[in-house]
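One chain, chain A, links the two complexes that follow: it is found with chain B in the first and with chain C in the second.
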Partner chain A sequence: MRTAHPLHTRRDILLLISPAAAYLVLFSVFPLVYSLGISFFDWSPTTSSFTFVGLDNYAMLARDAVFWQAAVNTGILVVASIAIQVVLGTALALFFDLHLRGSWFVRGVLILPMLLTPVVVGLMWRALLNPDWGMVNWLLGELGLPKPLWTADPKLALVTLVLVDSWQWTPFIMVIVFARLQALPRDVFEASAVDGAGRIATLRQVTLPLLAPAIAFAAVFRSIDAFRSFDVVFGLTYGGPGRLTTTLSFYAWETGFSFTRYGYASAISYVMVIVATVAFMVLAARLALRRADAR
Partner chain B sequence: MDHVTPASGAGRSPARHRVSGGRRRRSSVARLSALGIGGVVAASSLSFATVSAQSGGTFDPMACAGKVVRIALVDGERDDFGLRDKEAEIEAATGIDIQLTTMALGQLNESLAQNLRAPESAFDIIHTIGFNVAGTAGAGLLEELTPYLNDASKTPADYDFADFPAGQLEYTGYFDVESGEFGGDQLYLIPGIHSGSVLLFYRSDLLGGEGQPPVPTTWAEYLATAQQLTTDDVAGSAMVGANDVSGFLVDWYSRFITMGGQLTTGSKADQTLNTNLTSPEAVAALQNMIDLLPSSPAAVTSYGFTEAMDAFMTGRVAMWPAWATIAGALYGPDSPVKDTVAVAPMPAEDGNPRGVRGGWGLGIAKNLPQENKDCAWLLLTQITSKEFEKYQVMTYQTDPNRISTGSDPEIVAALPYIPAAVGAIESAQILEVATIPEAFEVVGAVAREINLALTGAQDAETAMANAQAAAETILKAGGHLAE
Partner chain C sequence: MITRRIERAFAYLLLVLIGIIGFAPFVVILLLSTKARIEILQVPPTLDFDIDQIVSNYRNVLIDRGFLGYTLNSIVVTTLTVIVALLVATPAAYAFSRIPFRRRDGWANTVLSLRFMPAVAVAIPILLMMRFLDLDDTLPGLVIPYVAFSLPLVIWILIGFFDEIPRELDDAAMVDGCSRFRVLTSVMLPLVRPGLIVSSIFAAIFIWNEFLVGMYIVNSQSLKTIPLGAAGLISAQRPIDWNVAATVGVVTIIPIFVFSLFVQRYIVRGITAGAVK
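And then the complex of A and B:
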């Protein structure tokens, strides 16, 4: 005779999942719904206004030049930094897969940047790139090279932001790809060697296709992360010069917490949520992230 | 210091500090006051004339013995330092248990916005920056202080109210709620704990002396002097060239108003308030800054306040218009330029040196029981007294609030820049957009265009046209300018 497992009763199951469910509802679902709600209001505590405005905040976004500039800046940041990080991260992973002597130590050191808080990374690089006494320009000066205004030159500021972001997050791509490399079946490589494939051909025809799901996962994950970049911008450039490095997250923060226009800031954030969700779904479909495709 | 949980109100859980030594000492103060010896302790240890001089009137410094007064002050501007030092003495003199909360500017403004609208504020005394006076006093959220000031039983006889500069009282004192403008005859704030304006700091070994260029008194002279002083080692001038509101408030606005510029016209009441950022004076003020770039450090477009101060303190800059509040650090014993720094009024094209008015005010929340308001006022008179100001300025070099501070021989001997700082405060001008809640947003938008012009990305005329467009968008969104 089969006896019911004590955890199989509906009540026990509900009891066990309730803490996690409560946590999700309180800290994820409620803020999401609440901020969606206030995006339909003109709410500012400094003016005591709390007026329902329907879709006005979203309509205002369409006419807001700063919003569009922030959207373009964010797009450039995501595309450029992910491209750099994927190429460099994959190259580093392949390099470390050679298992040269001492590579474990170098690998460990390279991972350090991603352990730092992004706002600290921003402030640290701001100091390193200080045109008067920063170490980078000092070194360039010693080498007789020109000393750029890394964060103040309109042509260079966004590039600097991309480079700093890449400095911090290339190791993330490297770790993911390297882990996948270690798990690849060795017989495939032996077979390609038997078939006479050279190193380049093996890389193009065997290694990279096998790594594709891991690279895609890392790229999508990092894209979402880069899309909501705030801390590094806050620490490094504060959105300047002018608005040239203002990202959508920074603009939402500034609108909400500096200018206390909570309704409008929520609308900016919700546009970001929608864009990120749609982009993720499209990328997931195209890059074969689903389990069935990855087999 | 103990962390205590806010008793009530809608504060956003800032770090709340009890300044006093905790319940044991509060009980001791209460017991001492009950025995009638609190005043004796105070008189023996304090220089607070407000307490020791109360023999003839009906004012009782111990009227609030055993009561708690909760103060919210801004963090990071050293305004809380003097109070932390003097807290024990004030508590002994008044029997009041002081609970101090400090918050960063943004958090403070947000907390006040909620607390002052709650059924009862969690703070008795609140600290508000001039830009936020319209949002606090102007919104009818603060207690009117005139009745307290005029009541001899509530105000120490020697509380010298006339010693506050008239201009500072107009900014962080009186407010006309009906018209929504600064000034009027309803007192809602006492200036404190520091005021502020701008001064011209310069190297006394490079100019102003025998055979040296004179200290410039107009912006045209300033440009010429900067060009003359610039060498391979020293830049003639520094400014806040980065994406920073000080670039607007200190550098651009000082030039603009003394070139005859008027930032706004119209009235928010009839939705005609607009900025004049494309005016010839607005463009000329920015052009003066652009013309100074060759005489400035190469990296000046990345200079915020800190970077500009670094450059001046390391002797790489000859002249620097800056917030007066930095004087304490420049004249301090550890300053590398303490022997070669000097101050002068800001240059002015119209012959009337003046800069933007800064500073803070201390008020009492309206949504409090009367007993709290009375005790808050009593404490307010202590922390805005001449004696407290002297301690605060001497010890922490914050900008003075009182006229007499500029003529106190002891203060002037220790801090030679103080008379100039008081002069700057007396002549300073209120930023015209400070009466609207979006003031910071307007200032930030213009500062960004100024920064871009300084980087060479646009010329002065284009920058000010873009700034005007941005300001108009903000004014329209705020309902101050009709669509």
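And then the complex of A and C:
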């Protein structure tokens, strides 16, 4: 058969894949290699310094308190956001699985935050959470509850960031888990009910284990995105107060864009590239697992 | 029976509450966008509207602050990027789905991994590259990197959609003497249309909101996209005029809102295509 001819297939592959491959190598892979290169230089266009310093930038990072604070902030943001979003998102999916009248509409409303420009989301919540005239504190006051300072309170600033991120992204987990729920065979639940298992027992022993792969996938996917958080920080807190909400992305951006220290900024972001790559390998393993399941 | 009813009532109450938490922020922002600067301090905001004030706020944002132009830039950049990304990604996704080659899954994963790279790591090299090409501070200077950012996800989504089309169709067409390329353009394209729609939507959302790399590339006011314009409100030196900021919020949210009404089922399909199957 003509189609099975190896040469023919080879030419097809080249013809079909090479535009995408060339594009990605040129504008995705090359910039990544380029920035690794820059990270070995002391380079700033404003002071027009340009010296090869080897690993000095990385050594400086290890001693940079702001870098460590940003790393810790980013870690807390990722862990806390994903924990909240997984629990709430799964709970919401189970809730929508009751198929109450009108719940399709509420589900539709919940899709919206995911589509919004994150800078604007940050800005919007900055208004809603304003201690003096924000609607959130007005509501809390009416209910007789304490009125926090939110982004201005050093103890609460990072928590506020976590909450805003969760408002925007909990629906993402909800959508994935809900879709998985709809795809589950109903007779499993019925069998469990016939066996006399209560609702809680069914949830713990049947439903959640069946949902686990979808939840894990969604959680890893969201973690990598939360790890890169920049826009919401920019809009909501601008990294402050002090450095309390500075994420790694924000610090790298500030170093490169505002202070034009290209070498140091590249070193910060390269640490991120390495972490993201490792995290992606976890995700890829999950993907492979899923593909094996599907077969 | 009674407990069931109470449960049900409680569930509906919860449903309403969830709806409110999801939607109320938009209503508040809409309300704030109708106020004068000083009226922002009044909580809760009153419901009497002054048409002149509303007109003045929106004229200020759309015309004086240039958001009409920013929206236009966003539309141009997003449209161009999506078109180029689809042209480049579709043949590649088709090959990944159909033609076996060595380490195919590994390569597909490598492509996807690029979607998760932190944008901040490539922003400086991309600025330098665009400067080298004399494209910094131009709209093509935004489109070129945005295509690169969109490709991994677009390819990934499209592979999934191609996989769902039976291979017998390819074989039949090729027995009839069609080349691979002809099979793709005449047989596959109409069938993979939902995939093209879903992946365009995701690319479009991403590009519409992209902001970090945009800040590096674009300096001119006249070339800013919506997120760059919105970020311009935030500066450490000046306090923010919140009625203006709220108006900017509404102006940026409304196109997304309208968009989501039309594409919602595709969005759900796209998110779940990655996760369940």
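The working rule: the second predicted complex is superposed on the first by the 263 of 295 C-alpha atoms of A that agree within 3 Å, B and C clash if a C-alpha of one lies under 4 Å from a C-alpha of the other, contacts with A are read in each partner's own complex, and residues count from 1 in each chain.
Rule of thumb we're sticking to: a residue touches a chain if its C-beta (ideal position, glycine included) is under 8 Å from a C-beta of that chain, and two chains touch if they have at least 3 such contacts.
Keep in mind the model is a prediction, meaning the values are calculated, not measured.
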Partner chain(s) touched by A:257 [first = chain B, second = chain C, both, neither]: both
Partner chain(s) touched by A:75 [first = chain B, second = chain C, both, neither]: neither
First, second, both or neither for A:241, with chain B first and chain C second: first
Touched partner set for A:132, first chain B, second chain C, both or neither: both
Most chain A residues touched (candidates chain B, chain C): C
Touched partner set for A:117, first chain B, second chain C, both or neither: second
First (chain B), second (chain C), both or neither touched by A:153: first
A:44 touches, of chain B and chain C: first, second, both or neither? first
Where chain A meets both chain C and chain B, residue numbers: 130, 132-133, 238, 257
Residue numbers on chain A that touch chain B, as the complex places them: 44-48, 60, 66, 130-133, 147, 149, 151-154, 237-244, 254, 257-260
Residue numbers on chain B that touch chain A, as the complex places them: 106, 109-110, 113-114, 117, 132, 135, 139, 241-244, 297-299, 301-302, 307, 310-311, 316, 437-438, 440-441, 444, 448-449, 451-452, 455-457, 470, 477-478
Partner chain A, residues of chain C touching it in the complex: 11-12, 14-15, 18-19, 21-26, 28-29, 32, 40-44, 87-89, 91-92, 94-96, 99, 101, 105, 109, 111-114, 116-126, 128-129, 144-145, 147-149, 151-152, 155, 171, 174, 180-181, 184, 205, 208-209, 211-212, 215-216, 226-227, 230-231, 233-234, 236, 240, 242, 245-246, 248-249, 252-253, 256-257, 259-260, 264, 267-268, 271-272, 274-277
Interfacial residue positions of chain A with respect to chain C in the complex: 2-3, 9, 12-13, 15-17, 19-21, 23-24, 26-32, 34-35, 38, 92, 95, 98, 100, 102-103, 105-106, 108-120, 123-128, 130, 132-135, 138, 167, 171-172, 175-176, 179-180, 183, 214, 217-218, 221, 224-225, 227-228, 230-231, 234-235, 238, 248-249, 252-253, 256-257, 262, 265-266, 269-270, 272-273, 276-277, 279-280, 283-284, 287-288, 290-291, 294
